[in-house]
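After this come two complexes, each holding chain A, first together with chain B and then together with chain C.
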Partner chain A sequence: MRIEARQQVEVWRIVLAPILAVLAALVLGAGLILWAGEAVFASYWALLKGALGSSFAINETLTRTTPLIFTGLAAAVAFRAKFYNIGAEGQLYCGALAATFFGTGLVGLPPFLMIPFLMLVGAIAGGAILIVPVLLKTHMKVDEVVTTLLLNFVILLLVGYLLEGPWKDPMSLGWPQAAPIVDEGIWPPLLAKGRLHLGFVFALIAAALAWALMRFTVWGYEIRAVGLNASAAGFAGIGVNATVIRTALISGGLAGLAGVSEVAGLKGYLTLDLSPGFGYAGIAVAMLAQLHPLGVILSAFFISAVYVGADAMSRTTDIPTYIADVLVGLSVLTILVSVMLTRYRIRWS
Partner chain B sequence: MIGDLLEILLTAGFWAATIRIVSPLILGTLGELICERAGVLNLGIEGIMTMGAMAGWMWVYQGGDLWGGIVFAAFIGALFGMFHAGFTVYLGLSQHVTGIGITLFASSLSYYVFRMLLPTATTPPKITPFQPFAVPVLSDIPVIGEALFTQTPLTYLALLSVPAVWYVLERTPLGLAVRMAGENPVAVESQGIDVLVVRTGAVMVGSAFMAIGGAFITMSAFDAFYFGMINGRGWICVALVIFASWRPGKALLGALLFAGLDALQVRAQQLAGAQIPYQFFLMAPYLLSIAAMVVMARRARYPKALLVPFRRGDRV
Partner chain C sequence: MTVKTGDVTPLLSFRGVTKRFGPLTANDAISLDLKAGEVLALLGENGAGKTTLMNILFGHYMADEGAILIDGNPLPRGSTDAAIHAGIGMVHQHFTLAENLTVLENITLGTEPLFSWRRNIRAAREKISSMAVEFGLDADPDKLVGELSVGERQRVEILKALYRDARILILDEPTAVLTPQESDSLFQTLKKLTARGLAVIFISHKLNEILSHTDRVVVLRRGKVAGTVKTSDADRAGLARMMVGEEVKRPTAEAMEPGAPVVRLAAVSCKAGSEAQSLKSVSLEIRAHEIVGLAGVAGNGQRTLASLLSGLAVADSGDVEILGAPGTDDPTALVARGVARIPEDRHATGVVGEMPLWENIISEERRSAEIARAGIVIDKGRALERTRNLIKEFDIRCEGPEAETRLLSGGNMQKLILARVLSRGPRFILANQPVRGLDEGAIAYVQRRLLEARKEGAGILLISEDLDELFALSDRIAVMYHGHLSPARPASELTVGEVGLMMSGQGAEAA
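Presenting the complex of A and B:
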């Protein structure tokens, strides 16, 4: 077996890669559906209907797409610079903590200032928690994957402590949840019915800005250069460490916004189960999008549809909801192979 | 307070708990160490440990015997190691992303399989786990005897695997090939040894160790499988490998230090009562792991070919 680089990478191969990856994941997942004693096509049809079959379902899928766009962008931007930020889950909660700290009565502002203010503090909090891992990486060569992952557990425990202790809402009837965000900070719903909120628009804007940043600015160029070949970028006069640190802050900020969105847009208050793993799913989102910020929108929608649809599917069949997580995990692996096949060919000899 | 803590250090119960906590960490750390010495960072560890915990437990719950469960867990672990190696060694794909993908896939698959086989279980069903086995004579030694020699057989296995792994890695031709694959794969190739096969073998064996480490938790430390029960232990093992500078003996020391502080933390929690919230004690292992990596980072001597895929015929 030999692996050879292709002379040129055609656009159709790049477009085809995620489609093939998703199909491969669905085919592999079909084995698990068969094991559950269900019909494959009927089950996937139930999944599709559960995700997109009614205006309510579409509304719900878009609602779940919102945080996934933010966490997907967080991973996409960081992975471009080969900074493997696996801590989006923790950064999401940091954003939510900041929004709760400032948004539950500490600061009084009119809505048109309060909403951007909470986004700002959330993004800063999400980025700030990454300062330690990124400095450890740039200055002491400590692997960022492990530090960002371990911080996820620390932050979740901190949230647990705050929600059971000092931040517990006395009006919550014993549930560990924080006081609600003040009305001025709440993101208004987009439609009369359903849970979809202004955060979806913010997420789309964030994706567009991230794309513009990567595509048209010097910072974006530096991020890509450092990711492709850090030592060459260094020779060319790019401050590699500064670029990695900047990338990390942007990435953490985006993940923090996911937390602000869930607190101020969806729930209205902070809970310990605010995120069912949006941070980790964001990695799959970014990989399926091949780290392209605009592609993140589509892949976030797809991953969200898998989660929402699997919930519906498991209510009518004997398939456990964990099928969604399995499909997401599988698609991280299949996209790796299919993207590789866009750039290389395998010669069997 | 300090006096109370020192008193804890003299109790046999503390040392016994330390040895209990260290067992899965030792197995996971050795597994990761074997992979990394061959040049492959295996971030699938968290998922592979979850898979091992589920597979071994399920084997026993379905009527198999305990040692059969361990073998089964090891086999499943090796299988996931093979997937990992297929991606990272043969296709040369990103070891970071592959590892994360394996972890996401393996842990969710564990939960899926658990739910499939036990769809209605609300209170986690239990098995009869490994029982403590008092080593004759040695277990009569005060303090040390109770701490070291009245453990379950799986703990003895974990402790004995440290010298075993050390011996194979440092004193046999096979170990030399593994270490060279992680330092200078071209040199291995020039000896007529297939680098890809050596690396794949190392990742499979290492993953089997990880899976047994996971199985320890459901089959020796506890008697049931819970969701999220590995709880970051795999990531802690990755940190411990760095702390140990990729040496089995130091890995044992690092893991013991870590487990000791963890056991102390549980007892200090009881001492502190409600003065300090329990969450802060639970944070300690994770913060300690980060601190351990920072302390050793300056002296860390990574295997030179770690993270570098090997393609035959490529110019170096």
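Presenting the complex of A and C:
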């Protein structure tokens, strides 16, 4: 068996790759469903119905899509520059911390100023926490995968301390949660029923802006060039370190917005279970989208549907909700394989 | 081993070997024989299929069709082990030695049984030293390979092959990294080896070497055998014609009065990775209408000098003046001043292969007022239009401005870089190995473009390892050795021999 590079990669292969990857993941997941002693099609049908089978289900799926778009974009932008930011989870909480700090009474502004203000401080906080890892990478070649990943735990512990201590809301009946965001900072719901909020629109706008940034601007050009061939980029006069730092700040900012969105859009206050791993799932979202900012919208929707649907499926079958994690994990593996197959062909000899 | 003579079974024969990579046929039904005791030259342009053929022989690739016979017995396909056992030794263009091991350890590496109580070092040492004496391959067995010169490393590679009882020695572009004197000693060694019945396959594109040091020449063109001739019956023009299909004339420089200086280096010193690459009080002046050739064996500081002149680094001490302003580590500023830079390695630093042609054309000017609207949004329409014009003007063979750059052949990729830098009418050109790895047609094209730029008033620093090229194009030649630069002297007053001596640090002016 040999692997050979394709001379040219056709567009239909690039589009088909994620679709086939998802199907392959579902086939592999079917094995586990059989193992759990359930009928495959009935189970997947339950999953599909749970995710998209009613307006309530769709509403819930879109609600969960929102933070995944932000964290997916965070990974997609950073990975383009080969800056492997694995810390979106921590950056999400940083954004949530900033929104809580400024949004629970410290600053009083009318809603049309308060909402953008909280987004701004959240994005700045998400980016700021990346400054140390990115400078360690650019100036001392410290692997950012390690530093950004480990920072997640540092930040989560900090959040835990704040929620159990100084920031604990006295009105929370003992629950570890912060004081609620003031009314002016709360993102309004999009529909009369359900939890879907303005954050979904913000997420779509963010995806469009990220796409335009990467595709049309000098910055996007520089980010792509640095990621594809840093030495050629440097030779052409692109500041490689400056570009990596800039990319990291954008990435952290996007992840920070995910945190603001969950605090100000969904929950209304900061808790320690604000994110069930949106930061990590964002990596899967970005991979499934092949780092394309508009593709992130679709893949975030898919992954959200798997999680929401798996919840429903576990209520009607004996399959635990962990199946969602397995399916998402499998689809990351299958997308890696199928992306490789768009670029290479396998020859059997 | 006995030397076979007459029309007995050839030592090695290729029978209809074909290898395809996708739509490309790298080797097309190649048949050739190699007899014991002969030096067979494998000549061909870049991409003619020489390296592919040798990789099939050595088991790195599997042929799609055809067979390889050793002493009339088929060689198992795709097995490097089998190739080594059959007596095939390969000296790659890029050496495959472990720098942190000694010469002895490198040579014996992989030949000893995995489980044995003690290594039989004494026998190995004796075998190596007797081979070294016999074939003029002297190398201190206890020295670390990392401390050896390039020429010495090559001797170690050859010893490594001989230690494994090679009967067929393949040398892939062996003289590319050697001084003329080192090359001569290599040819002495080859003569002694073939006298003992060894057969040598000598891959090269340097016609002079082939004509004076081989017995037979097989010319490959586009994956096919274009012809086989006895070296004694061959001549330069005939071989060149066979190689490219038609005769290609390299351009020659016309005499020209130099103008005002464009680059001035005065007592420039600059530390680099190794001592040999660090510049030591280098002085040089390059004037308009002038090509200064920089000779030297790779790794003697050319790269450091090139990075100073391409705006990637600044000197530690001394004065660097480029087009009237001091040296800088901002390539964009240097380009804006009117400097054209042709990098040493097109693939690694010249282009971003996965980007389309048009994005590589604008890489140095992406923030300029012409390309970036308000300095933010790239004007793709204008970039495409410029790229289309340049594709025509520089005859870049491609599918269009949106094609991926990595798909270009080496020559077309170099044309793309020329188009990027020469279209701005530069006043100083740094041409670092501008024709390395290109075929004859592309070489002639690049050289013609450089000479045109010189005519239009550019001053050019031409860094090359090919002395023929340097003598053909340069007005003056300077030699670099261990970070020292000899004064640039008119090419007409120098000989290849003198320059060769200076490249090995022996000439009076070297230090």
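Criterion: the second predicted complex is superposed on the first by the 349 of 349 C-alpha atoms of A that agree within 3 Å, B and C clash if a C-alpha of one lies under 4 Å from a C-alpha of the other, contacts with A are read in each partner's own complex, and residues count from 1 in each chain.
Basically, a contact is a pair of C-beta atoms (placed from the backbone, for glycine too) under 8 Å apart; a residue touches a chain by one contact, two chains touch by 3 or more.
These numbers come from a predicted model, not from an experiment.
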With both complexes overlaid on chain A, does A:Asn229 touch chain B (first), chain C (second), both or neither?
second
Is A:Leu150 touching the first partner chain B, the second partner chain C, both, or neither of them?
first
Chain B or chain C, by number of chain A residues touched
B
Return first, second, both or neither, reflecting whether A:Arg6 touches chain B, chain C, both chains, or no partner chain.
second
Is A:Asp325 touching the first partner chain B, the second partner chain C, both, or neither of them?
first
First, second, both or neither for A:Phe216, with chain B first and chain C second
second
Regarding the shared-chain residue A:Gly165, is it in contact with chain B (first), chain C (second), both, or neither?
first
Which partner chains sit in contact with A:Leu198 here, chain B, chain C, both or neither? Use first/second/both/neither.
neither
Under the contact rule defined above, give the chain A residues that sit at the interface with chain B and also at the interface with chain C.
2
Touching residues on chain B, where the partner in the complex is chain A
43, 83, 87, 90-94, 96-98, 100-109, 111-112, 115-116, 119, 231-232, 235-236, 238-239, 242, 277, 279-280, 282-283, 286-287, 289-290, 293-294, 297-298, 300, 311, 313
Enumerate the contact residues on chain C facing chain A in the complex.
21-23, 62, 310-312, 330-332, 335, 341, 343, 348-355, 359, 363-364, 366-367, 372, 375-378, 380, 404, 407
Can you check the complex and tell me which residues of chain A touch chain B?
1-3, 32, 35-36, 79, 84, 86, 132, 136, 140-143, 145-147, 149-151, 153-154, 157-158, 160-161, 164-165, 280, 283-284, 287, 318, 320, 322-323, 325-326, 328-330, 332-333, 336-337, 340
Given the complex, residues on chain A that touch chain C span 2, 4, 6-8, 216-219, 221-222, 224-225, 228-229, 231-238, 349
